[in-house]
Each structure stands twice: as structure tokens, then as C-alpha cells.
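As C-alpha cells, the structure follows; a few thoughts come after it.
By letter and in written order, the chains are A, B, C and D; residue numbering begins at 1 in each of them.
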Amino acid sequence: MSASNTYQRSDAESQLIELRDSARQVLSGLGLAVNEEKVWPIVTDLGWLLVGVPETLGGLEQGVTGSCAFHAELGRSLAAAPYAAATIAIDAICHSTLANQQSLIERFATGEIVTASLAESAVAIASNKVTGTMTAVPSADKASHVLVCVENSELVALLSLNQPGVEITARQTWDTTRRLFDVRFADVALDETLTLASGADAKTLSSRISTLRDFALAADAVGGAEALLEMTVEYLKTRKQFGRPLALFQALKHRCADLKMLISSAEALLNDSLSRVGNQLDGAQAVAMGKAAKYLACSVYARVAEESLQLHGGIGMTSEYPCHLYLKRALLNEHLGSGNYELDIADHFLS
Amino acid sequence: MNSTVDSNNLREEVRAWLTQNVPQDWRQAMTGTDQDAFVKAQRDWFNKLVAAGYATPHWPEGWPGGGRSLADQKIIYEETARADAPRLILFFVALYHSACTLMEWGTQEQKEKYLPGILKGEIWCQGFSEPNAGSDLASVKTRAELKGDRYVINGQKTWSTMAQYADKCLLLTRTGKSEPPQGGLTYLLLDMKAKGVSVRPISQITGDDEFAEIFFDDVEVLVEDRVGKDGEGWAVAQSTLSSERGLTLVELTQRMRYSLAKVAEVMRERGRASDPAIRKELGALIAKVNASCALADQYLLKRISGTEAAGDASIVKLNYARTLREFTKLGMSISGLQGQYFEDFTRGGSQETGNWTVDFMNSYNWSIAGGSDEIQRNIIAERMLLMPREPKNWQLS
Amino acid sequence: MSASNTYQRSDAESQLIELRDSARQVLSGLGLAVNEEKVWPIVTDLGWLLVGVPETLGGLEQGVTGSCAFHAELGRSLAAAPYAAATIAIDAICHSTLANQQSLIERFATGEIVTASLAESAVAIASNKVTGTMTAVPSADKASHVLVCVENSELVALLSLNQPGVEITARQTWDTTRRLFDVRFADVALDETLTLASGADAKTLSSRISTLRDFALAADAVGGAEALLEMTVEYLKTRKQFGRPLALFQALKHRCADLKMLISSAEALLNDSLSRVGNQLDGAQAVAMGKAAKYLACSVYARVAEESLQLHGGIGMTSEYPCHLYLKRALLNEHLGSGNYELDIADHFLS
Amino acid sequence: MNSTVDSNNLREEVRAWLTQNVPQDWRQAMTGTDQDAFVKAQRDWFNKLVAAGYATPHWPEGWPGGGRSLADQKIIYEETARADAPRLILFFVALYHSACTLMEWGTQEQKEKYLPGILKGEIWCQGFSEPNAGSDLASVKTRAELKGDRYVINGQKTWSTMAQYADKCLLLTRTGKSEPPQGGLTYLLLDMKAKGVSVRPISQITGDDEFAEIFFDDVEVLVEDRVGKDGEGWAVAQSTLSSERGLTLVELTQRMRYSLAKVAEVMRERGRASDPAIRKELGALIAKVNASCALADQYLLKRISGTEAAGDASIVKLNYARTLREFTKLGMSISGLQGQYFEDFTRGGSQETGNWTVDFMNSYNWSIAGGSDEIQRNIIAERMLLMPREPKNWQLS
């Protein structure tokens, strides 16, 4: 009714939408669940690892919202790339006080792989030597370095993976679109030129890292869920039973509508949280927002994947058809990250 | 001028005003009391808001507090929710449905005749729904027969919010005969005191009566009180229905968010504060409630930016109804046997009656009224996911 | 394929079916949610309180299965009668070593009301005097006696309600088909001629009483859920929208089918448990079975009631239409009984 | 003779025999091994059961262990589940579907030709389902053309359990042209080694291949291998499908019940044994699993007593599928990240592969195959609740 309702998209928003659209085009050209060998060169060539990096460090300044847009696109196409782990590590470098920040970012954004854990780690430090195990580390076999958060957040550092005392074990998951590894350290010496933060700064940075991981998993889930529902609806429109397209059956329509609503809610929460936290990812509030976004998106993704499998009927149960790839990625997403999400959210609220 | 600074100023101004003006005892005044006390409490609060310009920020400039952007209106609603101020339920139809319909479709004479009355506190109700019509607005059967300079109305409306208190009514009638269902509808403004109008409150399962039936027995309405042309009622009704533009759901979701503290409260009261199973449920609920808020906010943004797509509104409503159900159910479940004992509750308190079991029952208003969940699912499936509609002639074989 | 599959209904089974059918006929003649004044004389006149009583004590020897059939019928018709509480108390008398068993049963089966708590009590004994509060005691205002289980199961006794130190407070529930009371005792003397069990016997009897209560609530829930689903399906067949009966919409059909399946499962579990426990209601196994039957039936009832309210649309929200009476009884049933059912079932299984 | 005593005797006898005879290492022998090892393990177990008379208790007297009542058969299944013995999945079609169909419809010659082979270990498969036919059996398109003394078959079947191992096939074909869908079907017995038959295992999402596609390219079957008359295939297929009479679901629900201990096991392994939120979920699951057992038991009793009603079977199956989903999902969820790592699992282990994630994926076999959950809901709504069927000519408008 009022005349004063105007809204202008900012330049940054417009740029991000362009970036995302072109990413979607590139990825859909590659096809679903394309392997790391094919995706990674594209990721580095097109500078996708620089999306969230500040302009002052040679990046596109799109912040976490920017990298999440790409996590969603990679989730949508089920791409097998260590993009999430690498962006988390690069972000940590950006937020360190390291002197050689810029050169490290250049190395890791253009070819050399840096990775990080997508789950929990139990790594301790004693006499400047690191011991312990990191789980769910993507592409550790090809990475030169890994981001390590030491227990109790005393220290955040990069460790070279090509040195004595490092043992890398492949852990095949049901989700074949990810290549995860356990990384074990036995008395591995720290390289002080790769220490990102220590003391109170390390606590802050650790908290940022885990929030970022939660947002990355949430975005992957939202992208995957959206693509899967589209695929399922298309299937129902095509497939006929009793002489009618399945999409005409109201019971199935209503289930798809519910899924659409759930995905929209997870997406809205993710976007809202990203815009609220901005670049401030380390406070208790931001951590709780990351956890809520991750919990909701991943549980919605699993729900969409389970329903989609049922809605596809027999064909969804065959390995030829990609429905199960989404299911397995969704199940893995639910179990990545750390802690008991629902409890942590409640704890923060009640504290 | 920087709009963020501007918004912050408004937010602070509203917040300060609310701190001064929200009656601290409004819940008590509206709990376990009779209808008169309820109406008086609503009217007092309405007068305060009108005076402060916070009742009509959505009206054009020139009216009290008018000419505000949707973003500013949102701030006012958010702060009202945050301050746990009463909802203006008795005046909502007048302030939004009637005013916006008149602004868009009314003649100059109609505007002059009706708008000032709204600010003075005239209560309006909506006469759209009919018995056995459910969510199917096109099946309106109440007849309006044109006889000279007036329509003569016969029929029945139902589920009209607070119609028993209303002075005026937005009435959707059927004048045409052979047109398709949406055609042949005509939109009238009715004086509830007119001869032949009778109202019967609907006793709800909570014992409250927020709705009423309206019966028309040869009721006369002058042609000058018709909005739009004869047969144009469907289009006019659409703008009535979209008049609040998503603000209501922003308000309601914000209120739900602020009410999460009440779940914590009942957990403590019932000695369940450290029960991990309950805490887990609370954690999941917090995420869902925040998502409902985010959905409503983003829907409003879409309306502001003109990027609303078919089905968007259905998603927000379906999601709110579901989250509200889970929210009230958790509160009720934690209350245990205690929650099953009858207790007085805040009249017209909608989702915040102070009684979890009433809130739970009231939550069905949102999944049934204003287009049931089932209708919203149809809309999402057909208009958003583009799944085929059921054939028109689909009849029992 | 084999010829040897024959099955003969026993005389007892046939008799129970007859009893139940006639009860259904009587109750449906009275109409839904008929009040206590109308139902109770029928309950006593027709000897329904004697269904589960052994023949040796003048009963019909139909055991718990028998009384549960009547609980289900009363649940179906939403009858407002203290039948469950009275049968529990009478059963306790039957399983006591009281000398005047027979005369007490006669009194309570024919007019005088004995009641019991349908929820938790906190009643302690000191120097032969009883102090504490019982909650959810039906019709305590009209009953002459109440069944009391003292804390830690030291004692099970009947107490007269017409004596000093007894305070009876009406507790109106949202469910208006039940009339519940709090009963407070302040130093009320025990009448030794009404002591049903003490010591180890009291533990056994207490356990029997709570199992019986669980089965009674389960049966009430199954009966109510069945009747409500029938009502809902009938409504959907009658009511038209967009020119078609609602019962033709597949989304609604599927939801009704799910409810039917859930009710069948709760009913099957109840019947199976009753036939397994027989008259042995006091062991840990029987207690766990009672809890499982109560938990499943009451949660299914609540689910059916919630869905039925939605399926009825607006009319279900009006107090004139009986849909809400089932909802409120279902919600109350969920909160009657004692303990945390799911946890107790798991505890028993894991122990 | 008292039948309870009788049953107890059988129960003890079976239990004792199983204690002696279930290969203790059968899981290891069928985990991470190739197909041959799996077939050998199945065959060894089959031979033992046949010798003991426990493979064919449902065959008439005269056959090994034959002539037993359904109640006795149930005891054998219950005890097999209790002993965690392997399921005879490779021989199930032969022992039930083929045998029962032959007993009911077969000629004397057919019985003599085929039944002894079954006892010797011939493997049968079922050729009913077709691509794009889903749960709609009446839409069989595989053609059988009568040419002299033989049928010539062309077409394709799918989702045939273990067809890649099968010696023989129960084949449903279409011979008629213009009859209604259920008419025009003809039931044949096919030698899987016949010229023109080719089999392609279906690679499942678990990596297992319990099912296969079968292709027919001018395959010839003699008229003497037809069961029932030409065009009578629908009726014959119905008795094939109902041959196990509910026993399978008794077995499966019992196995699920005994597997509840595995949930407790994974809780301990993952340090969640005292987590109240998980314990609460376990408690709810226990009630549901026991209810599934009770439903299956009572369904069998109805079959025994001839009181089965329309829809009863659908309720049992729909309920089992749902409970199995919840059961496997809880196990998977407790397993945490560990459960998402690929591990070898017991081949053909169905719901008890030793891997919760595989069990969870396999649970969809029960909600999709053999009439999907959606079909079961249609049946329950239409045949049990007597809600109207969708009109026959309901087409996209």
C-alpha cells in the first residue's frame, strides 16, 4: 500500500548470483557425481577457492555467504572434491596472523591441496610435537597440508602431510562421492611458520573453524536436497502407473509439497544465519547458529533422500540410478561435524 | 540518509514507547474475565497505538504514522512481539482488510465514509467463509439480489473472526447465476446493525469463541456500498486477503521465538530442565522456530522486492502451522498431567494463552483456517513444483 | 495347503464376544459421552464390574482380557464412569487374603463405589496412619472407599473416604468425560479389616495394580481410537469439497490407512500381551508388557485424535461436534499412568 | 492329545536340533565372500533342513516332515529365528511358490516332474514383475504366442529374486489380446537353461545383487508346462502369491524381535548405553517391534481360522515395513560416523547383514517390493475402510 517499498540488490549480491549461476552451469555440464580428477582442476582454474577470501588477500570478498553458495552447488551436483575442507583451511589462514598468509593462500587456491577434518579430531600437543588422530579428512592422500585444531583449542596450525610420523588411512564410506581418510600423527614436529593461532586466539579461530564447517555441511545439504527433490518430481511426472503419471496421485503430491516446504525452511535458516553472523563466526551466538543450520539442513536432506528413495520405487534401489548417491551423501552429512547438535543448541539457549 | 541508521532509530523509538505503554497487567485483565473486559482491554490498547501512530504505519502518508515502508512496519511488529504486547486481534480486519480494500478499490465517498471510523475504533469482520465450503472460496452461495438501488441478501457466513463484536462487515456475495464459480461474486460493505442480520458465536473446543456465524434474512445494502463492480468480487476479495502482505506471519513467528523462553520455564517448573531427551527436543524445536522466522522474514523481503513466486506464501503458512504444532505440543507434553487440568487462559490470546493445552488446540486454527494445510500442499505441488492438477471433471465413478 | 489347520473358538471366548457385543449395543443406545449418572446404574445392573472376577467369588471369570474388552467399549463411547478405577480396586480385593473378600466384592459390584488412582500417588504410612496425596482419582466424591498403595509398596489397603483427615478436591480436566479428584490424607487411621496386603505380598499386589491400570488405559485408548477413526472416515465420505467427497482424495485416504494400521498394531500388541500374561500380572515381564501396551495404545490414540481433528477441518474445532472429546480423552490418557513409559520399557529390556 | 503339549514337544525338538545343526560360522562364511560361497552355504543348510523334515512341513503328508499344521510351521519359523539360523532365501520360491502352485494347480505329470527336483535343491525364481509395471501386475506385457505344441516367449521380467542362480522359473505371460488386464494371462514353467533366456543381475544400492532381470528372445515352452488353462494365469498367480500364508512375516518379525539385542549391543559399543534420549527411542521401538510380531501372529491365526478380512495382509506388511525402517534407522543412527564407513556385510542377509546402514537400505525392499506401501494404503483405505476408489477413467486433463 505504501509507495516507499523499494529494494535494490547490492553489487556484491548481483556478483554472487552471477558466480553461482556460472558454477551451476559448469557443474551441470560435467554431470552428477563426477570424480575429483575432473572437478578439482575446474575448482582451482575458476578461482572458486577464492570466493570467500578478502580482497586484500586477492579474493572475491564474498565471505561465508559466498563460499556457502558454492558448497550448495557442489552438493547439488554431488561433486567429489575437497572443496569444503580446503575453503575451511584457507579461511583459517586468512584469519591468522601468519606473515606469509598471502603466499600460502595463493599456493592452496591454485593447485596444491590443503585439507581439514569434517568431523571430530583427537589431537594433542606435548613438547611442540603433535600426536593423535583426525577423522573424516577429505583427499588427505593428495593434500600437502592439513589444518589441525589441537584439543582444548590451545593451538591451530597447518601440518605437512609429507613427513615422518604421519599415517594416512583411506576410510571408504557408503557415500562414494567423498574420499575420506583418517590421519594419525605420532610425535610430529610443529612447523612454527605454519602456526595460525595459539592461546586465546586459537580458541577464537577453532570456534570459527567449526562454525564454518557446520555452515558448509548445511549448504551442501540444502543444495543436494533441492536437486534431489527436483529429480524426484521429474521422475513422478514421467513415470506412469495404472495408466496415469505418478505426479497426478495426490498422496505423492502432498509428500513432495511437504519436502519442498522443509527444504525452504532449511534454506531460509541457513541464509538468515549467514546474513546475521556476517564475518563474526566465533562467538557463542554464531556457533549456535551454525549448529542450528547444520542440524536442520542435514536432517531435512536425510528426510528428503529417504522419501525420494521410496517415491522412486524399484528404480531408486538400483546402483545405476543416482537416487542412492544423494541418500548416502545425506546420511554421511548427518554424521559429519561434531557433538550432539540438538543438545548443543538447547544448551546454548538455556545457558 | 542511511536506511540502517533510520531503522535503528525507529526500533529504539518503538522499543522505548512500548516499555512505557504496554499495560503490565494485560494478561491478567484478559484471563478468566468476561467478554466486556476483553473488549475494553483491546480498545484501550488500540487507542494508544493509534495515538502513537503504530496502528496504521501501512496507511498512506497523511494518516497517523502512515507512509512507512514494509521494512519499517516489520520493525514495529518485531518490537511488539518482543515486548509481549497484546495482539490487536479485534481490530485487525478493520486496520488491514477493510482499509487496504478501500484504499485499492473504494470510491472517494467510500473512503471518506469508512476510513475515519476505523481509526475511531469501529470493529470490522470478514464475511467470506460459508458452511460446507471449507477452503473453497469460489463456492460462495450467499445470494445478493439487486432490487433498484439496493441488494437484498440471504444466506449464511461462518468462521468470521470476532463477528459478534463487529460494527461492519466485508461481505462476499453471489449475484451472478451461470458464470464460472469465481465469476458472479460481488463485494459489499455491510452494517452489522442492519435489519435481518443475526450473529451466533461459535463455541470452540477450547471454550473460547473467537469466531461466529452470521445469518442474513433479507438484509438490504445500498448499491453505493458495493466495492468494485457487480461480478468483480473475486478480484476485490483477493486484495483483501493479501492486504497484510506477510506481516502477520512475521509477527507470529517472532512471537513464537520469544515464547521459546516459556518452554524453558515449563521445563524448570516440571523438574525436566536437565532431562536430555527433552533438551534434545528443545534443541530441534529452536532450529525449526528460527527457520520459521527466517522464512517469514524472507517472504516479506520478496514482497518488498516484488520477487514473490507462486506458492511462496503457502510454504510460509504450512511451515508456520507445523512448527507451531510442534512448539505447543512440546510445551503441553512437558506440562505432564498438570497440563491436562483445566485452567483459565488469556482470552483471544491465540498462541499465547498462558495454557499449553489451549495453545496446542488453537494451533489447529492455523492448519485449518485461511486455506488448510491440505490446500497449501496442493498449491505448492501444482503451482511451484508444477505437478499436474487433478482433472476438473473428476467425479466418483 | 495342509489339511490339519483347524481352529475352534473356546466357550470363554465366545461368551466374551457376546458380552462385549451386548455392551456395545447398550452403550451406543446411550449415545456418546453420556454422563456418570446414566452409565453407572447400567454398569452395576448388568454386572460389568464382575467380568474379570473369578467364578469362586461370584464373577464371570473373564480375567483381564474380559475387563479390557469393557474398558475398550467404554472408551469407544467416551462414557464417564469410574469403571477402570473400580475394576482395579475390585481386582485387588480378589487378589488379597482378606476374609471378607466376597462381601466387599458384592458391595462394590452392585452400587457402592470403590475407586483408585489412575496416576501417581505419594502416600506414606507412619504409626499405622496414612498421610499424603493421591492424584487422578475418578469419582472420589461419590465413592465410599479408595484403593491405596503406600510408597515403596509396603502396604495395599482400602481406605474409607468418609472420615476425618480425608480431603477431596475436584480437579477439572480438559477431558470432560472424566471426573478426577485429588485425595489428601492427613494422619488417617488404617482399618485393619481393609488391609489387602503387606510386606512382600504388597509389592506383588502393587505391581499387579499398576499393570492392570496400564492395560485398562491401553484398552480405553484402542476403543476410542477405533471409534474416532470410524467417525472420521464417515465424515470424509459425507463431506464434499470442490464437488467431490473428501474420501476420494488420495492424500486423505492414505492418512486414514496409516491410522488404521497404527490402531491395528496397538490392538494386536494389547491382545497379544493379555493372552501372554494371563492372570500373572505381577512379574517384571508382565509389568513391562503392560507398559508397552499402554505406551503404544495411548500414543496411537493421540496421533489418531490429532489427525482426525485436522481431517475434520473447521467442524472439528467446534464444541458441538464430538471430535474434540476424543482428542481431550486421548491427551489425558497419555498423561495418566506412572513413570516414563519408554524409558521403563528400555530399562526392563536392558536389565 | 493336548495341542499345547504337542506344540511344546515340537518346539523343544526343533530347538534341540537347531542347537546341534546351525553352522556357527555361517555369517562369516557369507560375509565378504563371493557368490559361490554364498550359494554353497545356502545349499548345505537347505540339505540339512530337508533331511530333518524342517524345509517342507507345509507339504502334504508323505513328503519329508510334511502334513504339519500352520501352527506347527509357525513354531519351526519362530525357533529358526530364535536360533539366528540363516534364512533359506535361495530356495524360498521353490519350497513355497513353486510347490504350492503345483500342489493346487499342477497336473499329476507336472507334480511328478517338478516336486522331487525341488527337494533335491533345484532353485526356482519368479517371473512376474516387469519394467515400468511397478506394483501393477495386471500390466504384464511379456508375450507368449501359441505355436503348435509350444509357446514362444518374448519380453522381459525384472526384480526376480536370485534369478541368476535359478534352474527354473514361474513365468507369467500375456497370451490374450483384447481381454481386460487381468484376463489373457497365462502361467508357464520355464527351464532357465532354455535357448533365448538371458539373465542380468541388478546391481543394488548396497552393492549386493539379490535380484535380476530376465530377458526372453523367442524362448520356447511346451504346452504341457503350462499351469492352469490358457488365460487363467491371473488366478494361478494369486495362489502363488498367497502360498506362504503369512509365515514369512511371522519369521521376519520374530527375527526383528531377536535382533533388538543388537541395538543394545551397538549402544554399548558406541558408548550410548546410558544415553536417556537413545534409551527412550529404544523403549518406543521395543513396543513397536512387539506389536509387529503380534500383528503377524494374529494374521496367521486369522488365516488358520479362516477369518481373514480384506486388507488384513496389507496392514501386516505396511506395519512391518515401517517398523523395520525405524528399527534399522535407530541402529544406524546410534552407529554414528562409524556406521557410514563401508564394511563387508552378510550376503543375502536381508535385514540382518551385520551392517546397520545396509539393513536400513534393505528395509526399502519391504516398503517398495511386493506391493509398495502406497499400494497397501490404497488397499486398506478402499477395501477395509471402504473409502471410494478413484474413477477408472481418471486421466490427466
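What we mean here is this: a contact is a pair of C-beta atoms (placed from the backbone, for glycine too) under 8 Å apart; a residue touches a chain by one contact, two chains touch by 3 or more.
All of these numbers come straight from a predicted model, not from anything done at the bench.
**Q** Between B-C and A-B, which chain pair shares more contacting C-beta pairs?
**A** Top pair by contacting C-beta pairs is A-B.
**Q** Name the chain whose C-alpha centroid is farthest from the C-alpha centroid of subunit A.
**A** So the farthest one, by centre of C-alpha atoms, is C.
**Q** How many angstrom lie between the centres of subunit C and subunit D, each centre taken as the mean Cα position?
**A** 40
**Q** Centroid of subunit B to centroid of subunit D, CA atoms only: how many Å?
**A** Computed from C-alpha means, the inter-chain centre distance equals 54 Å.
**Q** In subunit D, what residues contact two or more other chains?
**A** Expected reply: 276, 280, 374, 377, 388, 394-396.
**Q** Tell me, which residues of subunit C touch at least two other chains?
**A** Counting only residues that touch two or more other chains, subunit C contributes 245, 248-251, 253-254.
**Q** List the residues on subunit C that touch subunit D in their complex, please.
**A** Subunit C residues touching subunit D: 1-7, 9, 229, 233, 236-237, 245, 247-248, 250, 253-254, 256-258, 260-261, 264-266, 268-269, 271-273, 292-293, 295-296, 299, 340-347, 349-350.
**Q** Quick one: which bits of subunit B touch subunit C in the complex? Just the residue numbers, please.
**A** These residues of subunit B touch subunit C: 129, 132-136, 139, 158-159, 202-205, 207, 332, 336-337, 339-342, 357, 361, 364-365, 367-369, 372-374, 377, 394-396.
**Q** If we count contacts the way the header does, which residues on subunit B are in touch with subunit D in the complex?
**A** Spelled out, the residues of subunit B in touch with subunit D are 275-277, 280, 388-389, 391-397.
**Q** Sort out for me which residues of subunit B touch subunit A in the complex.
**A** Checking each residue of subunit B against subunit A gives 58-60, 66-71, 100, 103-104, 243, 260, 264, 273, 276, 279-284, 286-288, 290-295, 297-298, 301, 304-306, 311, 315, 318-319, 322, 374, 376-382, 384-388, 390.
**Q** With touch defined as at the start, can you tell me which subunit C residues reach subunit A in the complex?
**A** So the residues of subunit C in touch with subunit A come to 249-251, 253-254.
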